[in-house]
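Okay, so subunit A shows up in both of these, paired with subunit B first and subunit C after.
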Partner chain A sequence: MSGSTAKALLPTQTKYLAWRSLLRTARQPIIIVPPLVFPLFLLAINASGLDAATSIPGFPADSYLAFALAFPFMQGAIFATNTAGTNIAEDIGSGFFNRLSLTPMRGPSLLAGQLTGVLLIGTIQAVAFLAAGLAAGAAIESGVVGALVIFVLTLAIAAAFGTIGLFAGLRTGSGEAVQGLFPVMFILLFLSSAALPRDLIAQDWFQTVATINPVSYLIEGLRSLIITGWDAEALALAFAIAIAIFTLGLAASTIALRERLVRT
Partner chain B sequence: MATTDRFALQNGDRSNGDSTGNGIEVEGLVREFKKGPRAVDGIELSVPRGEIYGFLGPNGAGKSTTVHMLTTLLPPTAGSARVAGHDIIREGAAVRDEIGVALQEAALDQLLTGREHMRLQAGMHGIGREEGQRSGDALLERVGLADAADRRVGAYSGGMKRRLDLALALVHRPTILFLDEPTTGLDIQSRQALWDEVARLSRDEGVTVFLTTQYLEEADALADRVGIIDRGKLVAEGTPAQLKAAIGRPSVEAVPADAAEIERLEAVLARFGDPLPAARGAAAVRLADGTEELAEVVRGLDGERIKVADLKLHAPSLDDVFLAKTGRSLEGAGEQDTSEPVREAVPA
Partner chain C sequence: MSRRGRYLSVVRTVAWRNLHSAVRSPALFLPALIFPLFFYMAFAGGLSTVGDLPGFDYYDYNAFQFVFVLLQSAAFGGVFIGFAIGADFDSGFTRRLFLAAQDRSAVIAGFGVAAVIRAALVWAMVFAIALLTGLEVAGNGVELSGLIGLALIINVAFFLFAAGVMTRLRTLQAAPAMQIPVFMILMTAPIYVPRDLLGGWIETVSEFNPMTAIIEAGRSLMAGDPFHLALAFTAATALAAVLFVFARTGLRSAEAAGG
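Here is the complex of A and B:
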């Protein structure tokens, strides 16, 4: 097969691998339910237990539920790391990766296809979290268009974290190693401005860590749409960081795939 | 190239070999792994188009490593090979386009159905949706999985998975088929069904088959020619009949009723031919003058008043060939040979 013919197969292969990824995701409730339930569970606990935080001078919202609503979106995105990485590691372990390697498979089609399942979960999460937030009484200050932007930003963050999972899965070929990333991601989440605005964090070290932690800016971008309205700077930072993580993750995944794909 | 055109080409103008008429040409193929011996150590072989070539050897002999190299999944350390006329190192994509492969693991997605596997495989090869569906259904029918086509593979038996694996390997109409221990772990019926299909592919469609196996009867029943590999080296090659004829004479093995009489029994048998390795508590010799000597053996044992618990006459088998070439029996040779880290070292 000539190089140009192989390139021409890229969209078709991406379509089929995406289709497989969607089927696999839809047929595994275990990878859909926890990313929905646990973030909502934590949101419910935080919203009921930390509502007094809204009386702190300078707190940017009247409702802690509205303030914390960005948290499950980020938490859900972290699950994306796990899903993407575990799926590719399973394929490597089972030999399915070799089966694909024996076809004229193009690397980008594999990466894009694998991310499709992650985006499906991201979509379900975004709809569920928004619906839960609205049902619990939170308001979206940026309105319907803002809700759509939340949706888009959530998918961008899920794709970005998905590439980190892909890299880990391709590099290690081990589902266990990918699972090992999960606590690291959670530490990043908790050492961000998820629970309090950065300027209200009393501990200097915590404030410093939260300031250099990119997760803070992703959360603040999402949060701005919920509690502030349209904050161009927060949104630009959030999208820029999501795109940067995606780009770096994709580049690292591409290199890892090339190393993994030792076919001649 | 449009997908349908590509498939039409696959159906028609495929050479299935190089200018020598061989589907597979291997010269001095070597594969070394870090901290391990040579898993494949200078193999030379050629497989004419349309032939079923049985690659026989114990576990860890280097069979799978050879298949991984010939199917472009693993670069050789040294040597060269051409598959369907294409160099496996420089023309990997062209090789993959010509070959169908069923690896040892029968790697399938437990969450997809058989029909979905066929659809995915066809799509990955760029076969159009309608053509892929039509040929996929035909292949599922041919391997006896039409009724189970819409069941998830997780519910398939081992035999069904192997048959689906074979069907998947055939989706893009390959001219050369690599089957890596395709019947390992299968029951007799499933094994026979798979043999029938492989034989039909070679006979009716002219597909060249490179089949690795550790089963003597499989190589004997299916292969036009057999290559015997041990510790990475090809130790014998020929048709099963040629290989057995080279060993020539039958052997006899006897077990004394009283274990203490083993040495006397060995002494009697030694009158009739060269001693052979035998099972524990038994003695064996290759009969110098063929099967007609069996009666003399019995008379000799009776003359010495040695009671015999068991007496067997062996026609030469491929195991005898393996024994003659390596000094070990094929059965259990894999367990004795722990030197080769192929399964661990080959990328999963």
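Here is the complex of A and C:
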């Protein structure tokens, strides 16, 4: 097949694999429901349980609900790691990947197709979390356009973490190994500025860890749109980090895919 | 061998097998150790400023969170053994154990003994690390023993819950049915601040949550200022008694289904 024909086939292949990924995700409520329910449950607990934290001098919001609303967006995006990784590991385990590799399918189509299911979940989550937050009384300081930017940033973060899942799935070919990443992601989330702003964290070691942790900047970008309005620095950092993780994850996944195809 | 001797022999064998598996496969034991440490780090480290809030009258935020983490690890220590019971049902091993044991409750008791030993190891390690990283203990030896006693009852109670769920559903895939209720009962207690500082729906829920009295009593023991201990021990013991019946009927259900 000539290079130009292969390139021309790329959108078609991506479309079919994306459609398969969407259908597969939509048919498995077990993939959709926990990433929706668990973050909302934690939000409800934290918003009530830590409401007193708004009395801390210098706390940037009047409502802990508004402050904490970025947390489920981030937590949901992190679930993308598992979804993307588990799906591709299942494809490897079931032999579907081997059959695909016998076709003229191109690597980028496979990766883009797999990420589509992740973006579907990300969209459902973003709608649900935003609706729940607004229904519970939170306001979006950056307005309707800010809400749209929250969607875009959430999807960018989901895609970024999705590539990490793809890499793990392609590298190991094991759903269990991908699941093993979940605690690591959870630790990244909790050792960040998710619960308090970095300048209000009293423990020096925790503040240092939160400052090094890229998840802090992703949360701060989302949060700035909810409680501050338009904060160019916070947004630029969040988008830059999401794009950097995505680029690195995609590069690593592409290499892992190539190795996997050679082994196949 | 007497009937009692046979019973104890089954308990010992099942407990030993479970502990042996945990030692040989650290992946089974490490989560039970790492999660309490991680939660202690995340809550005590990340939220310590909350301890300076007006109305927050506990002597040390690290100690405040440590008690919650200790009781949480006690509860989840019981639940983690439920994974082992579920896995043994999946592999068919529990069926063989049930066929071999004259009194099948000895099999469940064996898992219970393993749960208590594993929890005690976790507590020892978590306590040591917390002390090394600056935990201040205000209570005396007797009060600390009371705290450990409470944790022990909670460990047994939640083990009985896990055993009840697993003997009914008999598969590891039912793990969320064990974890989610335990997670919900723990998280709707006053975790981050004392009850007086809670607001909204969680204030109401925590009033009725039996874990509230247990956690508050545990914190009072840690502070050396015991408070509503009778209520806490009664709540913990009643919980264990109810869950004993739940586990017992679950075992009957497993027996009726042929193990």
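FYI, the second predicted complex is superposed on the first by the 262 of 264 C-alpha atoms of A that agree within 3 Å, B and C clash if a C-alpha of one lies under 4 Å from a C-alpha of the other, contacts with A are read in each partner's own complex, and residues count from 1 in each chain.
The rule is short, and it goes like this: a residue touches a chain if its C-beta (ideal position, glycine included) is under 8 Å from a C-beta of that chain, and two chains touch if they have at least 3 such contacts.
All figures in this text were calculated on a predicted structure; none of them were measured in a lab.
**Student:** According to the stated criteria, A:Pro104 is in contact with first (subunit B), second (subunit C), both, or neither; which is it?
**Tutor:** first
**Student:** Using the superposition on chain A described above, determine whether A:Ala52 touches subunit B (first), subunit C (second), both, or neither.
**Tutor:** It touches subunit C, and subunit B stays clear.
**Student:** With both complexes overlaid on chain A, does A:Arg27 touch subunit B (first), subunit C (second), both or neither?
**Tutor:** After superposing on A, A:Arg27 lies in contact with subunit B but is clear of subunit C.
**Student:** Is A:Val262 touching the first partner subunit B, the second partner subunit C, both, or neither of them?
**Tutor:** It touches subunit B, and subunit C stays clear.
**Student:** In the overlay, answer first, second, both or neither for which of subunit B and subunit C A:Gly93 touches.
**Tutor:** first
**Student:** Going by the contact rule set out at the top, does A:Trp205 touch subunit B (first), subunit C (second), both, or neither?
**Tutor:** second
**Student:** Tell me which partner touches more residues of subunit A in the superposed arrangement, subunit B or subunit C.
**Tutor:** The partner with more contacted residues on subunit A is B.
**Student:** State the interface residues of subunit A toward subunit B in the complex, per the touch definition above.
**Tutor:** 1-3, 5-6, 8-9, 12-13, 15-17, 19-20, 23-24, 27-28, 92-105, 173, 260, 262-264
**Student:** List the residues on subunit A that touch subunit C in their complex, please.
**Tutor:** 41-42, 44-53, 55-56, 183, 187, 190-191, 194-196, 200-203, 205-206, 210
**Student:** Which residues of subunit B touch subunit A in the complex?
**Tutor:** For this pair, the touching residues of subunit B are 1, 3, 6, 71-75, 88-90, 92-97, 99, 101, 103, 105, 107-109, 111-112, 116, 119-121, 123-126, 152, 168, 347-348.
**Student:** Where on subunit C does subunit A make contact in their complex?
**Tutor:** For this pair, the touching residues of subunit C are 31, 34-35, 38, 41-42, 44-50, 52-56, 184, 187-188, 190-193, 197-203.
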